[in-house]
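What follows are several structures.
Heads up, the next two complexes both have chain A, just with different partners, chain B and then chain C.
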Partner chain A sequence: MMNIQASVQRPSRLATITRPRDASRFAPLTSWLLTLPLVATFAIGFLYPLAKLVTLSFTNGAESYIRLGQDALYFGVMTTTVVTAAAVTGFCLVLGYPVAFAMTRLRGKAALITAACVFVPLWTSVLIRSYAWIVLLQRKGIINDVLQDAGLSVHPLKLLYTQSAVVLAMTHILLPFAILPIYATLRTLPPDLARAAANLGAGAVRTFLLITLPLSLPGVFAGAILCFVLALGFYITPALIGGPGSMLMATLIGQQTTVLLDWPFAAALSTVLLSDALLIVFLFRRALSLSKGFHNVH
Partner chain B sequence: MFIDRNIQAQEAATDSATKRRFRSRPAKQAVLTLLAGFVVALILFFLILPTLIIIPMSLSTTSHLQFPPQGMTWKWYAAYFSDPDWMAATWFSLRIAIATSVTATVVGTLTALAIVRGDVPFKAALHALSLGPMVVPHIVLGVALYLVFSPLQLTGTLTGFLIGHTVLAVPFVVITVTAALQRLDPALELAALNCGANRAKTFFHVTLPNIAPGVASGAVFSFLASFDEATVAFFISDVGGKSIGRKMFEDIDFNLTPVIAAASTVVVVASLFLIGFVQLLAKTGTAQIQAGVEDL
Partner chain C sequence: MALRRVQKTYGAVWAVRETDLEIEKGEFVSIVGPSGSGKTTLLTMIAGFETPTAGSIIVGGQDVTMLAPNRRNIGMVFQKYALFPHMTVRQNIEFPLRMRRLARGRDLAKRVDAMLDLVQLGALQHRYPHQLSGGQQQRVAVARALVFDPPVILMDEPLGALDKKLREAMQFEIKRIQERIGATVIYVTHDQEEALTMSDRVAVMHRGRLEQIGSPSDLYANPDNAFVADFVGSVNFIPGTVCGTDHLHVAIKVGNALVQIRSPQGRQAHRREEGAAVRVAARPEHIAIAPYRDRDALSLSGTIETMVFAGASRTALVRLHEVPELVLRADVPSSIRSLPDRGANVALSFSLDALRVFDAEGTA
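For the complex of A and B:
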């Protein structure tokens, strides 16, 4: 035990001894030079394009935004987008929590298999996973085969190109983004707390509901925000799996740019989507700091 | 390791004490554990099934998947490797991903150095900016880049993709390298400086070898972020220059053939090899640093 203490304290003690800290830092000029490549790249490939997009949305004054606000059709699309994102987030949390919890308890081979099941999909492109869902859900797909063989349906069901298919596939794609922040929080909980509750006579369910679950809420919250923001801007999956009746913000932008070629209106829609995402991230930035570092999807 | 075992022994002791005290509980507990295990197994099956399903699909003799499969064929792989359109898209994407990996790694590493060891005002803003592309919906960035690239005739070009994908990949490098730098004790760099090495020498002989696993994972993640990217690629591709993402999207949308499954299998297997390589690097490289700090 003494050993651990020493190794924990060593770095911090050294840091205090070796002050002034400036010696380990770069001079201001060097620091500025280090940031230059990022600033240049992002100015060309990130900030300028986004600024141009926002400017384009105001081509005819606020006309695009007025149209967006007045037409019930677009209001419906925005509602569908938020409802879909919320549903996907809910499903991700419900399905993700047990997996995250299991990851903290499992050892050996079971832990390895669980980790593989979480990470392999995360490293598979969204396009490939959306395609896999098409294979599973299509009229002559496996799910229809199983349903018919089991006698649950006589004719193949129309599963693909529906709103439920979009929610299902998006839940599958975003699930790791709920699991990982929850796991990160659960992992840091001292097992002593649950054990103390058990020693005091609480059963497994009671211990979970009164101790583990409340303490893991920051992770749940971070996972929820992450899933929701990513779900708001999802394009590939709804574009491939969704039907014409299930338009989302992103697919509407896609339609405006590739079919109708109404660029100012597409720019206005994009600006709305962009500000929603940025607003959520800004408001909940502290919750999100728990979860940065996961592979992005879209 | 020794400490770990100690803790486990303690845990086992306490657990058995708890069990002894509540004799009536074990049966209920066992049922609960079994039930929970079953639920978790079902969710894991849901997670992994779609990735695994593409393998039998790519080998299926019919154009839709049947169970049990009726024989197996390599013809979809042959079709993938002999189709000039698929091959052009694959090579184009490979070139983009390699170039992106290089530029994003350099830009991201320098940024991480400025964030962790630099002396600049607005450090928080710089950090936020460098992670910004992760939170901007890709469709928005795709449309925005198209607006800029189209008049400059950069759509469908390596340069255009390189700019777009570098922006998307930089956050991954910033995250991995920042983490590696934060784990590195500045005293090591100070020691080198005290011994007469200059800044550049210190960086190449002390800092870089120590953060190399972080830099390497950043490079691999950028490669994959570029190669797997489809939304921005959808907007900045054109007839002359199509990434594999755009090609797959078109094929899924218009003619759903098992060639897509063959191409997907190739991509997934290659990605998993790359990731496995990174995991290996991360394990051997940072094991010593982590052993001292993180496991506690």
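For the complex of A and C:
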């Protein structure tokens, strides 16, 4: 009797924020307290420097931005960056999808080995993986040796310090970021769907194209955004493997801050890169929400 | 269609032991059994998702054992429906017609419309599966399996995910559709009641073996063995020993009392040998309760432990005096007045024709 009366009583104003409304939830105040460390870190470590960066880019008025707009060089670097990121994303998806697909089908030892092949590179430093590509691609590197020994080319080919080398190495490094979201989505698809498609008369190819692929698109899109955004800001790999002709935004920003010490201009470049990334992600999401495969699943 | 000596093993584990099964055109056959009895494995082999270790599967005179599932002409309703979430109801139903290139344009629209009418989903045809209730999704799954007129339709516990009321309604719905188009249906379920109400014939599976196949009334009245008797409907087993026979009857000693049954014939003839340990099987509705003073040489006696009201009948749980560790279940019509109360001693008599006798536990 006592309990029933107590629960019928109108709670005080303080009680509404300190007591949970039902057993499965935290009270609003508790929820805020629990998120506080993250919110604080985020504010101090991310929002504040970001605001500082944008302010810095306007120290000489809009001068940095005018210079950026007038000089075709910077526009060129920006384009190269976007094209490179797009190419890397494309390769990651094309190479990553079959791996993710295989991971959902494999069992036992084969599954373990495949998972290791995906994860171990992820745990290895980007610097090491970039140097590994230098070892492979340089004039007296493994690939040139093999080509010459096989008699396929007389002189060593220029493989390193090219745009293709950058795309190759970046694809290798970003591949897990495409595989994992696709794998996560494919794994949630009930195996009965593919069986049903077969039962209704669809062969393996049509089952894949009409059922599995459309239903895995959310994972493909997640992987694409992840790869693309990471590729836009890639620094070490293009700096080591790319030649001066294939300079990317991150390298340019690095040069401005550490060599030329033109911080306001570097800040302006960063701001432009950031807004480009945001714009592209926004457009991408917008395009996807219009496409059917995205919002009708689950 | 027919299964000939079909078997399936996974490593050293038997999933389905040698099974023969013939199904007539237009027949509704259920396969029932507890989980792990091999009934779903049997179904997946017929659908072509698994190949049998040995034996062959024949559909309409053609051996399809090694045919890929998409080349077999077999419809299937999956346990969780397996509707394509990114397609509307209509697109789901169109799918098999497009894949099999059975119809296009006007003809295709007409066949889909007819099927939507049959399952009464015309108004919801442009919805996506997640916008439908469980019963509606179930009907889409049935429509999709029927639309390409397969000679055989498999159903794998299609009503398992629905609640009791809806399940009963859908049983009649499926039966109605099946009878209207004359489809051959193989229906897998673990719910024996469902199988009994819907089927022309019921096959009982147990540990990968087909124990018995027959009409529902045949299975209920003449189970081949104790497992079938127990699985189809409920049954009381009373252990006893054969102690005397004449050419028509066998007397079985239960405790200090005697129970008389009809003499078993044929394969079960060994159960009339004197001294054989047996179990007498009596269905609850074949046990009559009488006042204690009316007991005679051929009845058992016991004490009523519980009396449960269950609508049309009452269920009495009676502890036997002859075998004190045994509690029998007896169903008595609610219409009978003057039912004895809890704790009362009663006499139990059996309808002679309805009793069956099986080997004692462990020897079966």
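The definition used in the following text is that the second predicted complex is superposed on the first by the 231 of 298 C-alpha atoms of A that agree within 3 Å, B and C clash if a C-alpha of one lies under 4 Å from a C-alpha of the other, contacts with A are read in each partner's own complex, and residues count from 1 in each chain.
To be clear about the criterion, a residue touches a chain if its C-beta (ideal position, glycine included) is under 8 Å from a C-beta of that chain, and two chains touch if they have at least 3 such contacts.
Quantities reported herein were computed from a predicted structural model and do not represent experimental measurements.
Using the contact criterion defined above for the overlaid structures, shared-chain residue A:154 touches neither chain B nor chain C, since it reaches no partner. Residue contacts after overlaying the shared chain place A:202 against chain C, while chain B stays out of touching range. Looking at the shared chain after the overlay, A:261 reaches neither chain B nor chain C. Set side by side, chain B and chain C differ in how many residues of chain A they touch, and the one touching more is B. When the two complexes are overlaid on their common chain A, residue A:136 makes contact with chain B while staying clear of chain C. Within the superposed three-chain model, A:120 lies in touch with chain B and out of touch with chain C [touch as defined at top]. Looking at the shared chain after the overlay, A:53 reaches chain B, while chain C stays out of its contact range.
In the overlay built on the shared chain, the residue A:190 is in contact with chain C alone; chain B does not reach it. Contacts of chain A with chain B, set against its contacts with chain C after fitting on chain A, overlap at residues 195, 198-199, 201, 203, 292-293, 296, 298. The touching residues of chain A, counted against chain B in their complex, run 1, 3-4, 7-8, 11, 14-15, 18, 21-28, 30-32, 34-35, 37-38, 41-42, 44-46, 48-50, 52-53, 56, 95, 98-99, 102, 113-114, 116-121, 123-136, 138, 140-142, 145-146, 172, 175-176, 191, 195, 198-199, 201, 203-205, 229, 232-233, 235-236, 239-240, 250, 253-254, 257, 263, 266-267, 270, 273-274, 277-278, 281, 292-293, 295-296, 298.
By the touch rule above, chain B contacts chain A in their complex via residues 3, 11, 14-15, 17-18, 21-22, 25, 28-29, 32, 36-37, 39-40, 43-51, 53-54, 57, 64-67, 103, 106-108, 110-111, 113-114, 117-120, 126, 129-148, 163-164, 166-168, 170-172, 175-176, 179, 185-187, 189-190, 193, 199, 221, 224-225, 227-231, 234-235, 245, 248-249, 252-253, 256, 260-261, 264, 267-268, 271-272, 275, 292-293, 296.
Against chain A, the residues of chain C that register as touching in their complex are 47-49, 68-70, 74-76, 78-80, 82-86, 95-96, 99-100, 128, 130, 144, 148. Taken together, the chain A residues at the contact with chain C in this complex read 190, 192-193, 195-203, 206-207, 210-211, 214-215, 292-293, 296-298.
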